[in-house]
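Look at the two complexes coming up: chain A is in both, with chain B in one and chain C in the other.
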Partner chain A sequence: MPDQRPGPSPYGAALRLLMEPAPNTAVTAVAKPPTATAPARATRPDTRRAPAETMLKVENLSISFRTDEGLITPVQGVGFEVQAGRTLGLVGESGSGKSVTTKALMKLLPGNAAIAPETRMHYTTKAGAEVRIDTLKPGSRAARQLRGGEIGMIFQEPMASFSPVYTIGNQMMEAIRLHKAVGRKDARAIAIEMLDRVGISNPSGRIDQYPHDLSGGMRQRAMIALALSAGPRLLIADEPTTALDVTIQAQVLELMRELQRDLGMGMIFITHDLGVIAQIADEIAVMYLGTIVERGPTREVIRDPKHPYTQGLLRAIPSLDHLQDRLTPVPGDIPSPTERPKGCPFHTRCAQALVGTCDRKPPEEVFPSRGHGVRCWLHDGNGRSVA
Partner chain B sequence: MSDVANDLLIEVKNLEVRFPIRLKKLFRTELQELRAVDGVSFDIRRGETVGLVGESGSGKTTVGRAILRAIDPTAGEVTFHCCDRDVDLAELEGESLREFRKNMNMVFSEGSHSLATMTSDMLRAFRPRMNLVFQDPYSSLNPRMTVRDIIAEPLIASGMMKSRAKIDERVREIAARCKLNLEHLRRFPHAFSGGQRQRICIARALVTRPDFVVCDESVSALDVSIQAEIVNLLKDLQDEMGVAFLFIAHDLSVVAQMSHRVAVMYVGKFVEYAPTASLFFHPRHPYTHALLSAVPHADPDAAFDPIRLVGEIPNPLDVPSGCRFHTRCPFAVEACRRETPEWREIAADHFVSCHRADELDFSRPAGTASRAETPVKAQG
Partner chain C sequence: MLRFTAERLVGMIVTMLLVSLMVFIIMELPPGDYADRYAFRKYSGTGVSVTASDIEAIRVELGLDKPMMLRYLDWIGGIVLRGDFGQAFAFETSVVKVIGDKVWLTLAILLSTLLVTYLVSIPIGILAAVRRGSAADYGLTVISYLGLALPNFLLALILLYFANKWFGADIGGLFSAEYADAPWSLGKAWDLVKHLWLPALVLAWSAVAYQIQTVRATMSDEINKLSVTAARARGVPETRLLLKYPARLAINPVVSTIGFDVNRIFSELPIVAVVLGLTELGELLLQAYLDLDMYVAGAILLLLTAVVVFMNFVSDILLAWLDPRIKLGA
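What follows is the complex of A and B.
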C-alpha cells in the first residue's frame, strides 16, 4: 500500500520529477521523495509473480456534469486499484460511466464536469513520486506530463485518433519528444523500434506513411505503438479491439499481453465484450449506471458472479457452443443518467429485487470472499446470500 | 424456426462485382479492376437466415448489396423466386426493378459510405422503396421525422398504401410486433436508446412485408444485452412473417445464434457454406477453423489459442494465384499455389473450396469449450 503524502501540496516534488526526462529503462531513482515506493521497472521483473505494487488507487470517485437538465452524476463513488503489470477490466453497457471514469484519470473531462471533493486518486509515477490526480489542474504542466508520459491511452477508433495530415512517424516523434529529451533522430529511432515491437513489418518504411495507408489492424497496432512510445506506466485501453475482426483482435490482445509482460505496465481495459475480458484481465470491475456493482478476480467473477447484473450480462452473451439458441437479455433498458433510480441503481431491472429494501437505500459493498466485492442487498455484511 | 420450408427464395450464381480503380501514375492513369466479389454461388430458402461472415474487406457487404441491386453486379445471376414467377435480378431495369424492390429490403451497415453519399446518391437512385437501416442506429434515423413517419415512409414511397388510416394501422401493427411502445410513435428519434432505435429500423425494414431483408452488421454496434434482445426479436419476426434474412456480421457467436446456414467469405470468394452446426462444429476449411479459434470465450479457463495467420489479408487488386488463402494457410501445399480449388459439396449441404478438405478435420466436440487438436502440421 502506498502511503499518503501528508502535505497540502503533494505535487511540488512530483512536478520536478515529471519534468525530468522520463527514464527509458528506468534505472534512475534520483530525486526520490522519502515516502515513495521503489520504481517498479528498475529490473523489469516478471511482475505477474512479483508482489503486486499498487500504482493507481481511486477512492470515491464521483463526477457530475452541469447540464441544461440540471446536475447529472454519471459516476458515483467508484473505487478501484491498478497494480503494476496487471490488468483491470472495466465492463459495462454504454452509459455506465466507463469512459468518463478514465477521462477523469487523464484529466480530459470537459469544462462543465466537476469531480466531487471527497474523491481521491493516488498515482505513483515512474520515478516513484506520488501524485494526487484529483487535485491536478487539467492544463497544468504536471497534468500534461502525466497524460501520455505516465498514463497512455488507446482509443476505439484508430482512424479518429490519428491526425490524417501527418505521417505516423511524425505523430509518434511528437509524442516522444514531448516526454523525453531526445533529438529528432533519436526520436525517430525510438519510433521505428516501437513500430517493430508491435509487429509492423518494414517499420522504417511504414513510419513515413499516413494513417490511411495502413489497414485497420495495422492502424490499431500503430495506435498502440504511439501510446507506448512515451513509455507510460499505466495504459488505458478504451475498447481497443471492438472495431476489429476476430483474427486481428486475437493478435492485438496477444500483443498487448506480451507488451505488458515485458514492460510491466499496469492496464485498464475497457470493453463490453466479456469474452475479451476473460482472456486479458486479471481483475474485473462491472459498472452499472456509474457504480461498480461487482469487482474481483476475473475467474471468480465469471465463474461465480454474485450480482444479478453480472449474472445477466453473462447469460446474455452468445456462445459458440450453443447454436441457434434463444439469448437471454437483461430485461429492460438502462435508465438515463438524469433519472437515476433511488436505492440500488439496478433494482428497476432486477428480477430478485426486494421491495422496500433495494428501492430505498443504495447497498454498501460487501465481500463474499477475499478481494471479491459486490454491492447488492441480496448479500449480507459477511457476504452471504440472504435471498 | 427449425423446419425451414425447403423452397428456394434466392439463387445466386457466379455473382461478380468489379469496381474500376484509377491509379494515378506519374504521366498516365492506370485502370485496374478490383474484384470485390469474384464468382459467388449460393441460395437462400424461404424463411431462412443465412449468415455471412468474413474479415473486413472480404466483400460481404458487396454481396448483400449486389443481391438487392443496390450495386450492379458485373456478371452472374441472381434469381428471385417470387410468388408466381422467377425473376432474374441481374436483368431487371428501371420501373420493374423498383416494382420488385417492394419485396426486399435491406438493413445496411455504414461501411465506407458516409451518410451524405448514401442519402444523395443511393437513396435518389433507388427511390425510397429501399429502406436503409445502418449499423449505427443513431445516424440512420432522420432526427426531424417522428417515429411514425419514419416507419410509414416505405409504404408511402412504394405507393403500396394511400389512405392515411390504413398506413397508420399498418405502422401500429408492425411497431407493436417490434415491441415498440405505441405511445412513442409521435416522438422523435433522439428520445430513444440504441436498442429502441434499432427496433425502429427493423420496423421500417419490415413494414412493406418483404420476403427478404439484408441485415448488414445490424447488431454489431449494440451492447450485449440489447444485442440479445434484437437477435431474439429478429428470430420472432422471422417465425411470424416468414421473412428470409441475409445476416452479415463479423461476430461469429451472434451469427451462430441467428443463422440456419452460414457462409464464410475470404477476399471476394466463398470458402465454405454449410448448415450452422456443421460449420461451427465440423469446419472443413482452414480459414473457417482459424476464424473460429480467434473467438474469445467468456471462460477464463477455456484454452484460448488463436491460430496465427501469417501476414495480412491480400489486397483484392493483387489476388494470390491458386487458392486465395494459400499465402496465410498453415496447411498449404504446392497444389494450393497453382490450382484454384473447386467449389464442391463435401457432405450433404456442406460446400467447401479447399484442396485438402478431405484430409483435414477440424471438428470440435459439441457443447464444450475445448477445441480440436491441430491436425497434421504441414508448414508450406
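What follows is the complex of A and C.
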C-alpha cells in the first residue's frame, strides 16, 4: 500500500490477540455470521449474539461512470449485508470503491454515474417498511427522507464536513427539523442532548459556536452528533478516524461503539486500517478494485485470511512487538479502473497467481468455512487448487 | 458584530477626514485660483488693465488669501457643523444649491446600477455553476464575454437607437419633458424610475459580465465542497441546500468588490452621461475644474469619495455577516 501507510496503530495489540488462535474456536452456528468473543470486546452485551435482523442487503451492486476516458466501472458485483446493532467493516486501499459504494447507498453519486439494472439494494426502515434503494430517484422525497433520517453519514474530515458559516446548532437543528416534526425549541433541546451525549462539555454553549471554534477531536464528536441527531438506523462512517491523531482516534472509536450499543444502530465502517477494523467491526469485507475479495467474521478473516490480498494487508501492519522487522507492503500499485486486469483483478500483484487461470477468468465466491467467503482461484476447487 | 461595526465606523470617519484633506490639497494643486479667473472674466475685452493689487483685492474679498490650513479648517468645519460646502464662485451662490439635485440623481443612478448588476449577475452565475457544462452555461459565458468586450458608451448608443426605433420613445435623460423642471412628486419619481433602467443597464453591463464569471467560479468550487455533500447526506432539499450553503459563500467575492464597482461606475458615468444626456455630477466636476471653482470641485470630489468609502464600509459589514470567520481577523 504505497499511498497510505498505516501509522503505528494503537490497536496493534488487539489485532495480535485477534490473530492468535483463541482457546475456544467453536463458533455459534445460530447467528449468521458467527460472533467471535474477542478480548477487545468482552464487555459487549450478549444481546449482540441474538439472531440479528438484516436491515440492509446489497446484491450485485455495480456502478459505472461515464468519463472522458470512456466508461469505467469502479464497483462490480458487490454484495453485503448489515444487521441491526452490528458493524460491517469495509477495508481497502484508496480507489478500491469503498466510498463510491456507500455513496450509492445514499443516492449521492454524481450525475455521470449509473447503477447497473441487476443491482438490488433492500433497506428496512425504522417503521419496518421495505425500501428498494436502487429504484429511488436521487432528488426524490423518499431519497431525502432516507438520507440523514434513516442512514446517517460521517466523513473523514470533520472541518470540511461542517459548513464554516453556520453554527453547529444551526446545522444540527436543520437536520433534526428535516426528519422530526419538532419546533425550534425542541430541536435545540435534542441537539444539546446529542452534543452532551457525544461528550462535548458545555453543550448549551457550544451549540452556538462555529466549527472553527472547536478543536479537531471536538469537531469529530460534533460531526457524529450531527449525523446522529436525526436518529438514523444505519450509520455510514467513511474513514472517521483517519484524520485524527491516535489518542483522539481511540476516544472516537470508543464513543462510536458506545453509541452503537445504546442506539442499536447498524454501521458500515470504511477504513484502510485493519487495526481500527479489528476494534470496531463484527464482520469485514475486503475490497479490491471494486470487488469484495474476502468477507467474513472479523476474527476469522484476521486470524485466517484466505485471500492473498488480505494476507498482504495484514503483513503491512506495524507492530510494537516486532519493531526491528521491516514492514512488508503489498507489492505494486492498485491499477486504474480504466485498466482493470482481465480475470482476477488482483492477479497483477499476486505472488501466488496461477498462470493460465487467474489471468483468464474472474473467480467466483467460495466459502472455505461458514460465513467466510473468498474470491480466489487458490481456494476454488474448480481452479487448479493448491490450497 | 456590534463591536466590529463600531470599529469599522470609526475607521470610516478617520478615512473620510484624511480623504477630505487630500481632496483639499488636490484642489489647491492647479496653478492660479479663482481670483485670477474672476478678474480675467470680468475685465477681459473691456480695455481695463487689471493690476496685481486688483486681483489681490478680489482674493481677499473671496477669502482666498488666508493660509491653506486655515481655509481647510473653515471648509471642513462648515461641512461638518452646518452642512455648508462653501461658495460656488462661478455661480455666485452656495455650493449646496449648485450641486443639490445632481447629488441625488447621481446616487440614484449609482444605486440602480448596483442593483441591476447584482440582481442579474448573482442568480445567473449561480445557475451557470449548477448547470455547469450545459448549453445554458456556455450560452451565458459567450454573452458575458461579449459584455466584457463591448465598450458601454457604444452599447448606450445601440440601445438608444433601438429604444427609439421600437418604442418611438425618447428615453435619453432622466426625466420626460413634462417633469424635467416640475417639483418632486410621485409622478416625477415614477418617471425617474422609468428612465433609470437604461443608464443602469448600460453601466451595469460590463460588471454583470465580470461578476457572472466570479460567482460562477466560486460557486463551482463551493458546490464540490464536502460540507455540501454532507448537508445533502442529511437530507437537505436541493434548492435550499444550494442557496443556504454554497451560494452564501459564492457571493463573497462580489460583496467584497462593491467598492470597486462603485469606483468603476463613477469613472464610466461621465461618458455614458454625455451619450444618454443624463444629469449627474461628473460634467459639473469637469466644469468646476476648468473654472478653478474650487469649492464646487471639492464638494463633488468629497461626496464621490464619501460614497466610495461608505460603500466599502457596507461591503465590510455584509462580508462579516456572510462569513463569520471574517471577524477573527478584525
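Everything below uses one rule, namely that the second predicted complex is superposed on the first by the 333 of 387 C-alpha atoms of A that agree within 3 Å, B and C clash if a C-alpha of one lies under 4 Å from a C-alpha of the other, contacts with A are read in each partner's own complex, and residues count from 1 in each chain.
Convention: a residue touches a chain if its C-beta (ideal position, glycine included) is under 8 Å from a C-beta of that chain, and two chains touch if they have at least 3 such contacts.
Please read these numbers as outputs of a predicted model, since none were measured by experiment.
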Clash-or-fit label for the pair chain B, chain C on chain A: fit
Chain B versus chain C as contact partner of A:Val330, first or second or both or neither: first
Chain B or chain C, by number of chain A residues touched: B
Touched partner set for A:Ala278, first chain B, second chain C, both or neither: first
Which of chain B and chain C A:Arg144 touches, first, second, both or neither: second
First, second, both or neither for A:Ile72, with chain B first and chain C second: neither
Touching partner for A:Ser163 - first (chain B), second (chain C), both, neither: second
First, second, both or neither for A:Ala189, with chain B first and chain C second: neither
Minimum C-alpha spacing, chains overlaid - chain B and chain C, in Å: 7
Complex contacts: residues of chain B adjacent to chain A: 1, 55-57, 193-196, 223-229, 231-232, 235, 250-254, 256-260, 276-277, 280, 290-302, 304, 306, 308-309, 312-313, 366-369
Chain B-touching residues of chain A, taken from the complex the two chains share: 93-94, 215-218, 245-251, 253-254, 272-279, 298-299, 302-303, 312-314, 316-330, 333-334
Interfacial residue positions of chain C with respect to chain A in the complex: 225-238, 244-245, 248-249, 322-325, 328
Chain A to chain C touching residues, read off their complex: 106, 108, 139, 144-149, 152-153, 155, 157, 160-166, 171, 174-175, 178-179, 210, 212, 226-227, 230
